Amino acid sequence: MSDMTLRQWLLTDAPTSRRHARLASLYKGWLSLRSNTMAMFGLGILVALLLMAFLAPILAPHDPYAQDLANRLLPLGTEGHVLGTDSLGRDILSRLIHGSRITLYIVTLVALIAPLAGLLVGTIAGYTGGWADVVLMRITDIFLAFPRLVLALAFVAALGAGIENAVLAISLTAWPPYARIARAETLTIRSSDYISAVRLQGANPIRIITKHIWPLCISSLIVRVTLDMAGIILAAAGLGFLGLGAQPPSPEWGAMISEGRRFILDHWWVATMPGLAIFTVSLAFNLLGDGLRDVLDPKDGGQ
Amino acid sequence: MTLLDVQDLWVKFPTRQGIFEAVRGVSFTLGKERLGIVGESGSGKSMTGRAILRLIRPPGIVEADHVALEGTDLLGLSEKQMRKVRGERISMVMQDPKFSLNPVMRVGDQIMEAYLLHNQVGKAEARAKSLEMLQAVSIRDPERVMRAYPHEMSGGMGQRIMIAMMLIPNPQILIADEPTSALDVSVQRQVLNIMDDLVKQRGMGLIFISHDLNLVSEFCDRVLIMYAGRIVETCAADRLHEAQHPYTRGLLNSLPRLDQPRRKLDVLTRDPAWAEVPSVGGKA
Amino acid sequence: MALTEDKGERHPRAPLAPWLRGTLVTLGSISVTMLGLLLVTFVIGRVMPIDPVLAIVGERASQSTYDAVYEQLGLDKPIIVQFLYYLGDVVRGDFGMSLLNARPVSEDIARVFPATLELATLGTLIGVFLGVPLGVIAAVRRGSWIDQIARVVALVGYSMPIFWLGLMGLLIFYGILGWVGGPGRLDIFYQDIVPSRTGMILLDSAIAGEWGVFRNAFSHIVLPASLLGYYSLAYISRMTRSFMLEQMSAEYVTTARVKGMSERAVIWGHAFKNIRVQLITVIALSYANLLEGSVLTEIIFSWPGIGSYITTALLSADMNAVLGGTVVIGLIFICLNIFSDLLYKVFDPRSK
């Protein structure tokens, strides 16, 4: 390996170990993703969002909670307040920057909870089959039959408003499609010869599911999660807008639109700026998701 | 008499790795005869058939000195003029009736449509004509078949329907692209005989594209052997066993023969040099 | 879609006729789904931290009043019995009383629902009539500028918060340009002129021949309906495109070309016929999504539909109203599913 560059090592046709093969295929995937300009654009925005959230206290010019009633509803481009101020004189830019933390927090939690729950339900249903399958899939169908936003609304109503409950409500409405995907994958994997081989070696079901089935479900789940991220952000913003998500004075973007709504005709920027932020981030997720789908799941690719 | 004259036909597809040439400078003529084109998959034989009908969709590129149908260069025709050629003068039967018939339309509607496109007649006449045509392809209960959907038909039936549909506008040339590969061995011959009879009766030209040397030598007058987008050899069908080209010999030797049993069949070896030799002329 | 799952299963012992078995399986799966839906709403109602008795009798009621109401609501019974009571009520169309205005929730829903229906129907019509041709053209001219536009339109539709786009629409078309009517269904001047028959003002005013009212109602509905239509268009055009791409590469399309058909006839006469079935499912799904998606839109446009109703009820902790509305929308979801399933059987000869 010494006289080989890292690039050559990664692009080899004959991998020397399992890890080598895995790294090589990851690298090839990355190369084909990199050639997709739109997906890279999306990734760029998301990296910027991550940095922004991480460095929020440094980047934000003002305290996002600091009220200044003398300087309320300042327009765009005002000295010291580039994006203006809201009805309580808080700096909109600083609130947007701090709001990215809330958005990431919600998205990350939902993107962990929902696919994991779906993976669990789907693989168990697919692997065990029989009654467990029928019952689990029927439950999945019931949740799919529910209108998502209304169900989330009802859950938040029951649990009480707040970020954690919003996360829970969105996850509860988001898991069924993952369960469907995981089950479909499990069914195909289960009947393959190498699973029979593993079973003959005496592996128990838990080991087969966790070591052999889960890793193979991951890639289609990742694609689906990335494509769903935009939906999650929009749902969270919708709940925030209705006053059921993050509570004031927290700078959640949806709640900021809701605040700005009252002044929409005279002070349009108060509601417009957070809307643009939501749009940008969900667009970035959609672009990246499209690109990832083409790399990981070429058969579904629209291109 | 020459019906079709193809001179220096190329079919190209731009891909990420550069231009892929599926057919590379093929020339042949077709009279009122049965011409077989044989080759393995990827040899360009299907593309040749489709290029004649100008069915290669962009980004695919078709280039030729000429593809002349009774003296008219098809490549110079407008799309509208080309539609008068398709079906009415040159027709094509494809591999699998399961896919080549529209699954949500009744068989009768699909056949009548082919007739109505080229004849200014009423529905009743088109219907009568279709029933007649179905009888001609030995379908016993044409009334019932007219009302049926393709998925209710067996493969052999489907392919006979396909032949009826393609011959109903009375074309001069029929291109049969692997017409029996998807069928049960037991009905292959039956379908071929029906097609053969109709072609002979009507004095048509037939281009029979297949990978099956035995079938081709039996049902054709003349055979072109294609390899890597080029014609490597041409010969009369009844002289196929005298073929000279190593590729043809290889193909012949890899087939089991009842009259010459062997313990082990030859495996086809391919010489990259074959692909570089210019195309042999396929003119009669 | 959920309902087609069981068709493939075979039970060799079942001696029933296939169609009868099919019907029974479908009916069974529908009732299980509906039961599940009601169970979920029931559970939500139970975990609600608000004491339903207290909400009725108020803080200062005596213990005996409290107990009486507690018993009256059946809260002293076992939880299973309570669920059965709840089932019985729902079957009779009784969702309880609204705590806010002390009227039956079912009456409230019947009153507000036509407004939502009118909005969602108009939105779906816009989505179908623009989205389907756009998707077909994008598929046929894959990679062309029109395909790129269709892609951007869909991408923006998937990424834009609907309530924000609604606000921007109000700001521009109502606030700045003054082209459309503002929030609400009618200007005050036009209210209560037309008697309510269907509850859908466009229909009612057309029946009554009150074209002034019709025009005013139209100027109010056009913006929210276009907004919903845009979202439906984004979804429908994307799905149409991918269905069409699949069909255009099918061999029967080549057959149609070989016959000498024009490209237009090949597309609409052959390929499109094969996507009708899938398209129906997509349109039904999109319609169902608009019925629910109108929640946020209705709030922005002060549209007195079921979405506004549920949200208002939610903010004032009127749980009966919330659950009633949820159940109704859930039932519509299931019905649309069944409906598209039925159409599937009518249009696809292979499913018989």
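Should a chain be cited, it is by its letter among A, B and C, assigned in written order, with residues numbered from 1 in that chain.
One rule holds for everything that comes next: a residue touches a chain if its C-beta (ideal position, glycine included) is under 8 Å from a C-beta of that chain, and two chains touch if they have at least 3 such contacts.
Note that the structure is predicted; figures quoted are calculated from it, not measured.
Enquirer: What chains touch subunit B and also subunit C?
Expert: Both subunit B and subunit C are touched by no common chain, going by the contact rule given at the top.
Enquirer: Which pairing of chains accounts for the highest number of C-beta contacts?
Expert: Most contacting pair of chains: A-C.
Enquirer: Using mean CA coordinates as chain centres, what's the subunit A-subunit B distance in Å?
Expert: 52
Enquirer: Go ahead and note the Å separation of the Cα centroids belonging to subunit A and subunit C.
Expert: Centre-to-centre distance between subunit A and subunit C: 25 Å.
Enquirer: At least two partner chains per residue is the criterion; list those residues in subunit C.
Expert: Correct list: empty.
Enquirer: Which part of subunit C faces subunit A closely enough to touch in the complex?
Expert: 2, 5, 29, 32-33, 36-37, 40-41, 44-45, 47-49, 155-156, 158-165, 167-168, 170-171, 175, 238, 241-242, 245, 288-289, 291-293, 295-296, 299-300, 310-311, 314-315, 317, 319, 322-323, 325-326, 329-330, 333-334, 337
Enquirer: Okay, in this complex, where on subunit B does subunit C touch?
Expert: Within the complex, subunit B touches subunit C at residues 50, 53, 55, 79, 83-88, 91-92, 94-96, 99-105, 113-114, 117-118, 149, 151, 162, 165-166, 169.
Enquirer: Across the complex, what residues on subunit A touch subunit C?
Expert: Checking each residue of subunit A against subunit C gives 137-139, 141-151, 153-160, 230-231, 234, 237-238, 241-244, 254, 257, 261, 264-265, 268, 271-272, 274-275, 278-279, 282-283, 285-287, 290, 302.
Enquirer: Taking the touch rule as given, give the residues of subunit C at its contact with subunit B in the complex, in rising order.
Expert: 250-252, 254-263, 270, 273-274, 276-277, 347-350
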